[in-house]
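As structure tokens, here come the structures.
Both complexes shown next keep subunit A, but they swap its partner, so subunit B is in the first and subunit C is in the second.
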Partner chain A sequence: MIESKRQRRMIANIATYIVLASLTVFCIGPMIWMFLTSLKYEADIVTQTMQYLPSRVTFDNYVAIWTQSGFPRLIGNSLVVTFLTVTVCVVTGTLAAYAFSRFAFRGRDQLMLGYLVVRMFPAVMMIIPLYVVMRGVGLVDSRFGLALAYTSFLLPLFVWMLKGFFDSAPKELESAARIDGSTRLGAMVRIVMPLARNGLVASSVFIAIAAWNEFLFALMLTTGQGSRTWPVGLQLMVGEFQLPWGVLAAGGILSIIPVIVLFAIVQRTMVQGLTAGAIKG
Partner chain B sequence: MATLSIRDVRKSYGSVQVLHGVDIELEDGGFLVLLGPSGCGKSTLLNIIAGLDDTSGGDILIGGRSVLDLAPKDRNIAMVFQSYALYPTMSVARNIGFGLEMRGVGADQRKRAVEDAARMLQISHLLDRRPANLSGGQRQRVAMGRAIVRDPELFLFDEPLSNLDAKLRVEMRTEIKRLHERLGTSIVYVTHDQIEAMTLGTKVAVMKGGYIQQLDDPRTIYERPANMFVASFIGSPAMNFLAGRLVPDSEGVQFQASGVSIVLPTRNRPVDSERPVVLGIRPEELRTVPRNRASIMGEIDVVEPTGPETMVTVQVGEHAIIARLPPRFAGRRKEPICLAVDPASVNLFDPDSGRRIDI
Partner chain C sequence: MLSHRRFMTTASSRYLPLRALGELSETRYWMYLLLLPSLALILLVIAYPTLYGMAISFREMRLTRPGLDGWVGFKHYVAMWSDPVFWIALKNTVVWVAAAVALELSLGLLAATALNRDLPGTKIFAVLILLPYFLPNVVAGHMWALLLDPRLGVINDLLVRIGVLQSYKAWFADPNTALAATILVEAWHGFPFFALLLLAGLKGIPEDLYKAAAVDGAGLAAQLRLITLPMLKTVIAAAVILRVIGLVNSPDLLLILTGGGPGDATQVLSLYAFQTAYKEFNFGYASALSVVMFVTLMIFAAGYIRISRITKGQGDD
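== the complex of A and B ==
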């Protein structure tokens, strides 16, 4: 009896691992493939027989993309746009999320619902009106304009996430701080924000990654070198050179490095923030 | 001069009114207990006093000055919360000193004040810890330290002991009483524990459904409850109620119910006609007597010795009443029992309104 139970558990475990392993391969595989490709000579990439591991390793592709294209410029633009997006979201979103969490004002629930509805429409539907508006105020093809466009769909997400974290911070803490001599805003900054820090980090990283990788809006709203971000730039290279696979792969690898670094730094905080949610007093 | 005056304070949440014109005056150095069942509006009233909640009408005066326009921080009050509400990211010392820090008190002076408060509450050895690493009782002490260090005009306590186990609760109750006597600062204390109300309060406001049912000193509340709700809410085991009638009698007036006949002295007017009433008797006012002096005859139902006393449930007519009798009570189930009660200690209530009747 016991024996068969253990066996069954073993089989279940093995099945779980098989499923997880295949999913992992499915997700990570392309990235590894891209990495390997970026290390190959052009001649070794398109070959008669498939060459999995590079027989010769070269960093020429990296040198090429960094020096012979506008890639540093693209990365720089992406950094600026991401930074602007995150800043705007954090400053306005934190205040908004706090207000949503703490004040019972007229129309609060409708407004929160509205935020969700914005997320339900596909981006292509928003892009035309947004383009018209941006052109009207002269923000097409500017990094700030692109950041604003990102804010338009990332801010609702940010507010929703952060509101959850604020909700789980006990109200009595702020009451105590307000009696102890803080203003409402002071209580939020001194007491609630440190508590919601993990949540704030998690939400910000979410926003940052989304802004960093965004493609569609960037394609529509930027036209020149001055504001083009790396996903668009990389895509446009496909036409500029004749399918330089190695160089493109190197560009891809370079552009996910910031994401990986960011993740490594905030990983623990972020996982705590996303899983815990609740804040213990 | 009154420290705290609550004048006709009303509060509504949307269409739901949770406070209906509350009037309370608390004398300087007094200890006001707000007592009532869950949801009666105690916390709401306390939050209004603190300024954490708005009123829908009425006025609040602290130290003779209306505070309705003042922010919580400007009302010169300190509050202890049910959940303690210690700042989790700060050390115990900083928690206690936070109010002073916010008021711009210098670091040296602050440190001294924090140490004094900690000594008074015997938590000096905990000052460097985080709240998460404290026991419930220790957190409670830190929360009180945070309140007393500011030396406010008024303390507000919202069920401060309800998260402690029974033994600690008794201990901290004594501690709060000692603190009050030592500091002499007025306190408003919310609880639904009638023992806390009786032991701590100089004044008890019994609340129900957003109304003050009775506002008096604890003795009066216990001995002369204003209505049946107050009578049954205070005291454990609860007051016994016997439905019967008042009958005019040569010596005054007689209460009659099946198995019960008690002659009551009338203080004011004689009762001219029969009327239905409810008689309230505290369990400890009942005693066993020989048959010829009995005013209540019944049959023993349950005998529960608790050590210092014996609780006896007696079936009297259709009523079951509880008598608090001496420890070595010898009766047994199904035996007849004869009881008497001091007529001066009983209460009469109107069966319809539940209000106290004075005869």
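== the complex of A and C ==
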């Protein structure tokens, strides 16, 4: 009886590892393949018999995407847009998240629900009027205009996520500071924000990744080199110049490096914030 | 108290505006002031454009023909009724979303159950399995286009090697497989979202329930049916509706993989609306399409929430 129980446990453990390993291959395999492709000569990619491991390694594809296609410019634009988006969200969203987390006032629940509902609005429904409005005020093909458009769906998300982190910061220290004569503003800046520092970083990283990756708004709202971001640039390169696979793969790898690095650094806190927000919501 | 505050003000008297703000924070309007910037921004970039977009759907607006302008009432909505592409796109949206969500939910449940056993070394699996969710659509799309390429796709090669396929297949160019292939890519991209939420839900189920069930002789299947699924009901319901909304609204992946083709085999509503605006600059019709999509989605969401009873507070476990 005990023997069979142990056996059953053993089988379940092995099955668990098999499931996890298969899912990991499914998730990571495509990325590894893209990485291997980016290291191959074009002649080794387009072959009669598939080469699984590159027989010879080259960095030409990386050199090609970086030097021949205005890729640095695209990356630069993306960095600016991402930075602006995060700044706007952090400045306005932190205040709102704090108000939602610490004060009871009339209309609070309705307002929070409103912040949630606007996230459900289809991007296409927003893109057309935003394009018309922004064209009217000269914000089409502007990095600031694009960042402003991004706040339309990232700010509500940021507020919800950060509110969860503020909620879990203890209120006692704040009360103590208030008793010592600190203003509400002082308590917020000096006590609560340092306490929720990890959450603030994780929420910012989450919207930074979203802004960095965004494609649809950027496609519609940028028309020239001046503000075009890398997802749009890469997509247009594929269409226009029949970009070789190796070069495309190299571009893909370069552009996801920041995502992977940021994700690796804050994944634990970010996962915490995402699940807390989603389960409560 | 008063002297204390005077002390504080002299200490920070160099920052006069800051001190004024600090005093402002003591008034009872403070929370509204805190909300003001984000609220103003949201009204500006969401509420106003939304209302304006609804207005556009009752107008003629084509940037390519500036002469055409003015109110046309329900013209676009009537035109939609007899537009065959609209009906195809509607059908495809339902199939695409339902299949993708079903697949993602199953894979997510599998991943979450496995991760929840907390065997040694599974932390690293959790991180790796989560990664696709954070990858950009543009990279995900082209990566899978490479994997499934009709001439040099590694998946074709593997399938031929193990004897499933006779020869390489053009997955995205064949109307019979195009939609299924895009669903596979979407599942890869989206299932970590389910894994993430379901894992959090599983962590909330007390271990004792399983022990008690095991004592009563319940097998793994019975435990799943009698404990896990009922306890996860709220989380599953919330995750499904969030994902449905996300999928209906975002045409990115299809735009990159197939552009709606071949023919209209992978045309969905959001993509049709986007292309009507982006390629034809027919903003009036595109707005009408997106309004119909939005209203349909809202009706679905309201009905779904009522049926699955995700009410406030219930999901706090």
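The criterion applied here is as follows: the second predicted complex is superposed on the first by the 261 of 281 C-alpha atoms of A that agree within 3 Å, B and C clash if a C-alpha of one lies under 4 Å from a C-alpha of the other, contacts with A are read in each partner's own complex, and residues count from 1 in each chain.
By definition in this document, a residue touches a chain if its C-beta (ideal position, glycine included) is under 8 Å from a C-beta of that chain, and two chains touch if they have at least 3 such contacts.
Bear in mind the structure is a predicted one, so any value in this text is a computation, not a measurement.
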Review point. Is A:Q267 touching the first partner subunit B, the second partner subunit C, both, or neither of them?
Key: second
Exercise for review: Would you check which partner chain A:I191 touches, where first means subunit B only, second means subunit C only, and both and neither mean what they say?
Suggested key: first
Point to revise | Partner, of subunit C and subunit B, that touches more residues belonging to subunit A | key: C
Review point. If you stack the two complexes on chain A, which partner ends up touching A:C27: first (subunit B), second (subunit C), both, or neither?
Key: second
Check your understanding: In the superposed arrangement, which partner chain does A:G181 touch: subunit B (first), subunit C (second), both, or neither?
Key -> both
Practice item. Figure out whether A:L95 sits in contact with subunit B (first) or subunit C (second), or with both, or with neither. Key: second
Practice item. Once the structures are superposed on A, label A:E172 by its partner contacts, choosing first (subunit B), second (subunit C), both or neither. Key: first
**Study point:** Intersection of subunit A interface sets (partners subunit B, subunit C)
**Key:** 180-183, 186, 279-281
Practice item. Quick one: which bits of subunit A touch subunit B in the complex? Just the residue numbers, please. Key: 170, 172-173, 175-183, 186, 191, 194-195, 279-281
Revision key, fill the gap. Interface with subunit A, subunit B side, in the complex: residues 47, 50-52, 71-73, 75, 77-79, 81-89, 98-99, 101-103, 131-132, 146, 150
Revision key, fill the gap. Subunit C partner, complex, touching residues on subunit A are 12-13, 16-17, 19-21, 23-24, 26-28, 30-31, 33-34, 37, 45-47, 50, 52, 88, 91-93, 95-96, 98-99, 102-103, 105, 111, 115, 118, 120-133, 148-149, 151-152, 155-156, 159, 180-186, 188, 209, 212-213, 215-216, 219-220, 231, 234-235, 238, 245, 248-249, 252, 255-256, 259-260, 263-264, 267, 271, 274-276, 278-281
Revision key, fill the gap. So, in the complex, the side of subunit C touching subunit A is made of residues 1, 4-5, 8, 21-26, 30-32, 34-35, 37-39, 41-42, 45-50, 52-53, 56, 61, 107, 110-111, 114-115, 117, 119, 122, 125, 127-132, 134-139, 142-144, 146-147, 151-152, 154, 157, 188, 192, 196-197, 199-201, 220, 235, 238-239, 242, 245, 248-252, 255-256, 270, 273-274, 277-278, 283, 286-287, 289-291, 293-294, 297-298, 301, 315-317
